[in-house]
Amino acid sequence: MATLSAVALNCTLKASPAKSSCELLLTHVLSNLADHDVEGEILRVVDFDVHAGVSSDEGDGDQWPQLRRRILDADILVLGTPIWMGHPSSVCQRVLERCDAFLAETDDLGRMVSYDRVAGVAVVGNEDGAHHVFAELAQALSDVGFTIPAEGSTYWVGEAMQPIDFNDKHPTPEKTAQSAATLARNLAHLAHALRAAGYPAGT
Amino acid sequence: MATLSAVALNCTLKASPAKSSCELLLTHVLSNLADHDVEGEILRVVDFDVHAGVSSDEGDGDQWPQLRRRILDADILVLGTPIWMGHPSSVCQRVLERCDAFLAETDDLGRMVSYDRVAGVAVVGNEDGAHHVFAELAQALSDVGFTIPAEGSTYWVGEAMQPIDFNDKHPTPEKTAQSAATLARNLAHLAHALRAAGYPAGT
Amino acid sequence: MATLSAVALNCTLKASPAKSSCELLLTHVLSNLADHDVEGEILRVVDFDVHAGVSSDEGDGDQWPQLRRRILDADILVLGTPIWMGHPSSVCQRVLERCDAFLAETDDLGRMVSYDRVAGVAVVGNEDGAHHVFAELAQALSDVGFTIPAEGSTYWVGEAMQPIDFNDKHPTPEKTAQSAATLARNLAHLAHALRAAGYPAGT
Amino acid sequence: MATLSAVALNCTLKASPAKSSCELLLTHVLSNLADHDVEGEILRVVDFDVHAGVSSDEGDGDQWPQLRRRILDADILVLGTPIWMGHPSSVCQRVLERCDAFLAETDDLGRMVSYDRVAGVAVVGNEDGAHHVFAELAQALSDVGFTIPAEGSTYWVGEAMQPIDFNDKHPTPEKTAQSAATLARNLAHLAHALRAAGYPAGT
C-alpha cells in the first residue's frame, strides 16, 4: 500500500516551547500511525497567527492558509485539543471556524475540497469533558467533509476535580495508550480505503 | 426563614432496590439541604411508569402526573442522572421531555407554571461526561422555567476509561462532598430569595 | 458491486400509526439509498418494548434483541430522531445505551461486533437543535464501532420558535432533499469500501 | 429599587464597525433592561486584544483585565455569540477560558469573585444551534459563579441551511423580541434579589 501522510494540530492555549499534555498524546497517535506506514507531524496552532473569520484567507498576516495547505495535503487529520470549561479550546474552535470555508470550496470532481480525508480526535484534560469534545469535533469535521473512523478518538482525563496533568502520568495510562493505538490503526485503514476508492463525483 | 422543600429525581436505569451511585450522590445533596432547613425526598423515576410524550398527562397508566405534582409542590428540584455514552440517561431525557409541557402552562400570575423554583444537577459516572450532562440539563431546566444557582452542579467521575463506581469510593471523594455542600447551600439561598420575591407577573 | 442493506431506526416518541416527520425524512434517505443499490427498511423503535439497561438482552419481554439483530445484519444504520429540548429523544438515547453493550462484544476477528458498519443521522424538529443532535450521535456511534461518512447527517428544522412540522412542508425543502441525497451517496460509498476491505483484526 | 448595571459582551468574529447580528440582538436585550431600570453597554470582545490563557492577566498587551473589570463591576452579564459550526464562537470560548480564573479568586466573603451576578445568553445564527450554545454557556457561567434566571436565553436562527441574517429580518421576529423581553425582565428581577440578599459567605 502507498505511504500516507498525517497532520496533527495541537490546539493547546500555550505557545511553544511550553510543555503541552496534548502534544504528548498526539505524539502517541503519530507514533502509532508510523507503525501503519503513515508519516506525520504536529503543528501547534497557537504558534501561527490564525485570524478570526470564516474564509480561507483573512488577508494580511493571516497564517491560516499555511495550516489549510497542510491539512489538505495530508490524508489524515488528527485534531488535538485540551478541555477548557468542558469544551474544546478556543484555538480548536477557531480551526473549525476556518474549516467552515470548505463548505463552499469544491475539488476537480465537484466535491467539497476536504473529501477523501479521514479525521480523528485526541483530547486531554485534568478532568472530565472528553466525550463532549469528541462530539463537537466529530460533528463539525463530518460537516466539513472529513470521514470519522470507528472509535475515532483517544483521550485522557483524571478523576473529578483533580489537578493532575497527562504529562505527569508515568507510565502512560494503559487504556489511553490502547485507544491511541486503535485510533491510529483505524485512521490508517480508512485513509487507505478512501485512497483506493474515493467518494464519487459531486452533483 | 420558612422551611423549604426539595424533590430529588434519580434517573438511574436500574429499578429499586438495585444499588445506585446516583442515589448516593443525591443523598449527600439532600443531607446538606437539611442543614439549610430544607426537607426533601428522592424519587427513582424508573420505578414509575413514565410514558413517552411531551404532554403533562399521556393517559391511561401514565405515572408522570404524580412526579409532576411533586416537582411543582417543591421549591427545589435536584435532577440526578448517571452518564451513559457521555450523555444524560434516557430516563433523564424523558423527564425533560415531560417538563416540555410547562412551556404552555401558566400559573395565576400568567407565568410559566414552574417559575420561582430552583434546580440543581447531580451527575455520576464511571468516567467522563459530567460537565456536558450539566450543560444539557442547565439549558433545558432554564428553558422550562427553573432558575439555576451559582455552581449549580455536583458530580463524581473516575479517571478515563476506568470502571470504578461512586458507590465503591470510601471515603467519599472530598471534592465531590464539597461541591454537594456548595450546591445545597446555593440552592437553599436562591429558593429563599425567590420565595421572598418571586418573578413578576407574565405578560 | 454487491447489494448492501440498511436499517433506519425512527426514534420518534409516537407509536405507529401516528404520523412522524422523522419517518418522512428517513423515507427520503432510504429512497436515495435505493438509487445506490441499497435495500432498507424503517423500524419505529417505540413500537418495540426496549427495556432500560446497558446489556444486549435485559431479559423477559425485552425486544431490543430483535432490533440489535437487524442493526448487525445491515451494512448501514441510519439513526433518525426528533429534537426535544434541543436533544436527541429519550428513545434515541435508549438505543445508544443498548448499543453500549457492543463495547464488550467481539466478532470472529476480535474486533467490536459492530465494526465495518457505517452510520448516518437524520434529525427533524420544529426548530433548532440538529447540529447538536448530530454531534451527540456521531460521537456515540463512533464510540461503539460505527464509521461516520463525510457529511454524515441530514436534517430539517424551522425558524426559531416556530411550530411548523417537516410533515407539513410542501414541497420538500430543497436543501434537506439535497443533504439526504448526499448522505445516502456517502453512506453507500463508505459501506462498499468497508465491505471490500474491513478494518484489520483487533488485538 | 436601586439602579442596576449590565455589561453585554458581543462575541462576533468581526471587528467594529462591521455590522453584527449579535449586536442587534444585544441591543434588544439592553433596551428591555433599560425598562427595568438597568443601565448597560455592549462591548465587542474582538475589538480588545484578549490573549489565550486561563489566568486573569496574561501579561503585556493583554486587554482581558479591562473586560474582566467591567464584568465584575456589573450586576448582570449578557453573553452574546454567533453560532459557528453549531458551537459558540471561538471568541466566546476565549471569554469562558478567561473566566475560568474566577474559580480560584475569592471576594471579601470568601466566595468566588463572580458571586451575586446574574448571567443571560443571546445567540444568533443563520440557522440551527441556539439551544446547544445556550447549554454550553449556561453550564460554564454557572460553573464560574453566575446565576442563571428562568428562560435565561434569547435567540434567533433561520430555517435549516438558509443564509438569512437576523440583521436583515424586518420587522424583528416577534418570538425573538418576546424572549428578549422575558430574558431582560428575569435578569433584572434576579439581580435585584441577589443585590437584596447575596449568597452566604463561603467556607
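For clarity, chains are labelled A, B, C and D in written order, and residue numbers in each chain start from 1.
Simple rule for what comes next: a contact is a pair of C-beta atoms (placed from the backbone, for glycine too) under 8 Å apart; a residue touches a chain by one contact, two chains touch by 3 or more.
The shown structure was predicted, so the numbers you read here are calculated from the model rather than taken from an experiment.
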(request) Select the chain at the greatest separation from chain D, using centres from the mean of Cα atoms. (result) C
(request) Identify the chain pair with more contacting C-beta pairs: A-B or B-C. (result) B-C
(message) On a C-alpha centroid basis, what's the spacing between chain A and chain B, in Å?
(response) 36
(request) Could you tell me the distance, in whole angstrom, between the mean C-alpha positions of chain B and chain C? (result) 30
(request) Pull out every residue in chain C that's touching 2 or more other chains. (result) 85-86, 131-132, 134-136, 139-140, 143
(message) Looking at the complex, which residues from chain D come into contact with chain C?
(response) 85-86, 127-132, 135, 155-162, 173, 175-176, 179
(request) Within their complex, state which residues of chain B touch chain D. (result) 112, 114-115, 131-132, 134-136, 138-140, 142-143, 145-153, 181, 185-186, 189-190, 192-194, 196-197, 199-200
(message) Give the list of chain C residues in touch with chain B in this complex.
(response) 13-14, 46, 52-54, 84-91, 93-94, 96-97, 99-100, 136, 139-140, 143-144
